[in-house]
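Shared chain: chain A. Partners: chain B in the first complex, chain C in the second.
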Partner chain A sequence: MTVEAREARQPWILLTPAVSAVLLLLFVPLAFIAVYSFWLRTATGADQVGFYLDNWREALGDAFYRDILLNTLKIAAITTVFCALMGYPAAYFIARSRGNKAILLLLLMLPFWISYIIRTMSWINILGVSGAVNSALMALGVITEPIQMLYNEATVILGLIHFLLPFMVLNVYVSLEGIDETLEDAACSLGATRWQTFLEVTLPLSLPGLAAGGLLCFVLAAGTYITPLVLGGPTDAMFANLVFEAIITQLNWPLGSALSLMLLAVLGALVLLYNRYLGMAQLMKGLG
Partner chain B sequence: MDNTTRYERLRERYLNGDLDRRRFLGLIGAAGLAYGVQTPFARHALGAVEEVRFDGWGGVVSEAFRKYAFDPYTAKTGIKVVDGTFGGGDEYLSRVKASQPGEYNIAHLSGVFDYARYHGLGLTSVLNEGNIPNLQYVIPKLVDVFRKVTDGTLSCVPYDYGTTGLAYNRKHISDDEMKEKGAKILIDDAYKGKISGWADWRTRIWFGSLQTDQDPNGATDMDAVWDAIRKHRDLSLKYWSSGAELMSLLAEEEVYVTEGWSGRIYALQEQGHDIGYMDPPNGYGWQECLFVIKGSPMEACEELLNFMLAPETSIAVAEGQNYPPALDPRKVDLGSKIPTLPAFDPSGTLEGLTFANPAYWNGHEQEWSKTFGRIQKGY
Partner chain C sequence: MSAVTLTDIVKRFGSFTAVHRMSLEIPEGSFVTLLGPSGCGKTTTLRMVAGLLDPTEGDISIKGRRVNDLPIHKRNLGLVFQNYALFPHKTVADNIAFGLKYRGVPRDEAAKRVADALELVQLPHVAERYPKQLSGGQQQRIALARAIVIEPDVLLLDEPLSALDANLREDMRVELKRIQHRIGVTTLFVTHDQSEALAMSDRIVVMSAGRVEQTGPPEEVYNTPASEFVARFLGASNIIDARAGGGSGDGIALDADGFGRVVVPLARAPQLSASGPARLVIRAEKLSVRAAGTTAGDGAIGVPARIEAVDYQGQAARYFLRLGDLQLQAINMIDEHPFNEGDEVSVHLRPRDCTALPGAPA
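Here is the complex of A and B:
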């Protein structure tokens, strides 16, 4: 074997473990789900093997699923906007702080040490009828009766922001850290105010990080099901809850498979759009 | 051939006079010698049962099982009991459906309709009741309903029973008001935002039937039932989906009235909360069983069931979870706490409880669970 041929093979040899893992843990299960989506659930709960389009017809043609999907995308979009508005100043503050950056980053990572479910349930103790906020307001005499703050769409969004904000901050922070600060100094020396420097130099250069954070927040928010279950009211369901119900409650794995592939297709299309205009490199940088 | 009860069987034969003393001691000695010379890998080589998996609801029940049944069972047989938990029957069924035969063995399931679903999916086994002598202490009515589903055989042993009744905060709702309104209080506009309910389609339809004055095991006007469910949804603060959530909603006074599981409400009362509990006429009675899944090591499972059904274990578990055991009070002294538990029937006939008819509920399961899923989300 020539040296060139050996060198050409080397990257593939090195990639083999990673490619095998992706194939086995992602594509093979996905293929199973795809096959399942064409089966049928019988009256006893057993699956009828075959090639039936009934689940796809139902998933794509039923307004119920479309409406819940649109509502899910709406909630994910609102969450992403709030994460961006709240996360950018925090990331900017960390990136521009001098001595205590490591501590601030550690504080940012701290919530990840606590279970997501516990973090979500903590809002019950904060916003509940006998929670911290109501107790404080009543103790101060501001209100006489507790205010009902929990179990609505707003608290679902609040719970999602609580969960996703660190992802946004980290992505924007990485982006801001990569900006050459002399560019900002140059803008100031040319007469720009601090605000103009931010708008004309810093913000445009950090947009890829903001977009990467936005994509992560959106995809994770659109796929969540615990938050609406814990903090939502009777009608605050998201699309992942439908998948859960189809698979677990109704034991209808074929329909659940079709629904999960539908959600995957919508979110996959968003990732493709992102890749088309911004490239995946920025996302990898943010995740790294 | 199961070796775990060899000593007991030999001893019984010896005491019955089927074996003379010399032969009995010889066989025990031979068994001891065989045990002594086998290597640690012999069990693997023989394919002997090394562990049995049990899945239940966790919490105090698991602790009681561990203390009174699993540890003594392991000490006696050498078979380890792997103790798993699940959040609900539907979730567990999905896990079993995705598993290999023998991966899951015994489960603490609720409702006869679940038993029928498992049977429909071909997951039932056939127990050798001769290996479960403690089955004789169980209330016959609880055993018979299972036999009807599986043509006279059993794939489970009944373990406890309870009710899903109405739980209410006495600070805001009086006992008299509850008696007057019954299940209809869950669709009373006066308590809008202070009502809750279990996100379970069967329970919603059961109470929807009561609210529309229909037989819960044979509603004829389903449109009226769905309307009642919609009304309940619109008046509710939220649906609860676990016993812990139910207790939290009531204890924190987020809601004043909801359906509740009798044992959980008793636990709240024990904690000092002023929560009332009422089973309305035709209230929802249910029973739980210890179900052996097809493909399990039967003799090992049967012996474990016998340990779990032993009166001391059943009573300890019942006192821990606040649900009466399936033991017949006419045959077993159940102590002082159990007769105070809600749903307890001192007659042992359970005539006062209405159980779900598995044929009726499973016959509509596919359609109704789907419809409820939609109504729950505002449709």
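Here is the complex of A and C:
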């Protein structure tokens, strides 16, 4: 075998395990779901094999699903905006701190070591009727009856921010780290104040990281079902809850498949849009 | 009036003192170089003038005004960095216009001044390009244009040529000096490269370990080093143990190892007392290697030596010589053929090329 042929083969040998895993565990099941979405669940509970458009007609035509999809996107958007506003200063602080960066980054990662569900449920102990905030306010005599703070849209957003903020901070941090600090010195020497330097130099150069963090937050927020399940009220279901409902509760796999493909299509379109304008490289940087 | 005055500047980082009580005057319009190895405090000094660092003690004045408490964006300085520091998301024209924008220069006047600056650095056609599309040398010209277009009181250059290739570096050296001369801006230049310092400066400030070793015009610093450090740092020097043995007419007589009695002119031994331990300093270029037995003329002292190694450099050669216990270096132009390793030769030293320093107290 020639050297060229050997060199050309090498990447494929190294990629084989990962590619097979993605193929077998992601694309094949996805194909199953696509096929399922055209089956039909009969009144007896058995699945009717065939090519039926009923599920798609229901998923796309029913205003109920459309409204919840729009609401899901709204919640994801609000969460993303809050994550950006809260995450950017934190990321800036870590990127510009001297010496103790490793500790700060470790602290940022710490929440990942605790189960996401436990972290979400911790809010019940804080905001619940007999939670920390109510107990403290009652002990101080500010209120006599506990306030109902949980189980609304605001707490869902709160839980999502709690979950997603580290992703935003990490992405912005990585892009800030990549900015040469002498650029800021240069801008100041040319007469720009610290704030003007930030607006003209630092912020524009960190936008790719902000966009990558935003995409991650948005996609993860839009696809979540645990946070609304734990922290939301009966009317705060997000789209993934409908999929959960259809598949786990009603055992209507064909409808659940159609719904989940619908969400996948919307979020996929968003990712494609992002890739078209900003490229995936930045996202990879943030994850690495 | 001095353009920049440093008075008793001290800079400490925790327990480490980077600059020890330094004073310096930079005359209006002059080109002053801070020269020294890395860690000598030269960049720290420049950053204090720029306002990027605050001095622990001492005063910094620019054009007679104390600027210690003046933030960097109000100091009106042009700063050029080793890594160019051009804004990657702005075009060349926007990079150069950056400082003008914050000085409230009207748009059309700014455009004209940007064009003039590009003309000055001989890159009139790159205005709409992005820094990434330019070579290193071109980027450094743009960085220079950006710094001078604001008509700064002082131009601060922090190793601006170090990132360039050797050939380009020499071209840029000439170019930089030409531009500085043309606009007459007071310039503080930081480098570790002695040839840059010698070629470009009106005055050189040689620094070592946070202290000024010597200040003077390039010729003076090169020819009469004030310390062993300066002698070793600027070019290759031979430093030979000697003993001063009293005055002798217009010079001081030294008894130097290997060469015997050498009478060094008084002007070249300003720090030397009439007797006691001393050091004889002779530049490698001034030590000439001749065929064995050649008579020494022109007041030179000739002694036999053997060539231990030859470093061939094209038009010149560097010889490593053995002279009894002494090991010496000589850099000579090559006349037809260089000498070979092992050749027995005659080494000639002219006393008027030597400098004498006090010897380390034994």
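Here is the rule we go by: the second predicted complex is superposed on the first by the 286 of 288 C-alpha atoms of A that agree within 3 Å, B and C clash if a C-alpha of one lies under 4 Å from a C-alpha of the other, contacts with A are read in each partner's own complex, and residues count from 1 in each chain.
The rule is short, and it goes like this: a residue touches a chain if its C-beta (ideal position, glycine included) is under 8 Å from a C-beta of that chain, and two chains touch if they have at least 3 such contacts.
Because the structure is a prediction, the values reported are computed rather than measured.
Bringing the complexes onto one copy of chain A puts chain B beside chain C with no clash.
By the document's definition of touching, neither partner reaches A:Ile94: not chain B, not chain C.
Judged by the touch definition given at the top, the superposed model places A:Ile247 against chain B, while chain C stays out of reach.
By the touch criterion defined above, A:Ala192 lies against chain C but remains apart from chain B after alignment on the C-alpha atoms of chain A.
Of the two partner chains placed by superposition, A:Ala222 touches none, neither chain B nor chain C.
After overlaying the two complexes on the shared chain, residue contacts for A:Leu183 are found with chain C alone; chain B is out of touch. Of the two partner chains placed by the overlay, only chain C lies in contact with A:Leu205; chain B stays clear of it.
Counting the residues of chain A that each partner touches, chain B and chain C differ, and the larger count belongs to B. Put simply, the nearest alpha carbons of chain B and chain C end up 48 Å apart when the two models share chain A. Comparing the two complexes, no residue of chain A contacts chain B in one case and chain C in the other.
The touching residues of chain C, when paired with chain A in their complex, are 50-52, 71-79, 81, 83, 85-89, 98-99, 102-103, 146-147, 150. If you check the complex, the residues on chain A that touch chain B are 41, 43-46, 64, 68, 124, 128-131, 148, 150-151, 229, 232-235, 237, 242, 245, 247-253.
Interface residues of chain A, counted against chain C in their complex, comprise 180, 182-183, 185-193, 196, 200-201, 204-205.
Interface of chain B with chain A (complex): residues 88, 90-91, 93-94, 97, 117, 120-122, 193, 201, 233-234, 236-239, 241, 248, 252-254, 365-366, 369-370, 373-374, 376-379.
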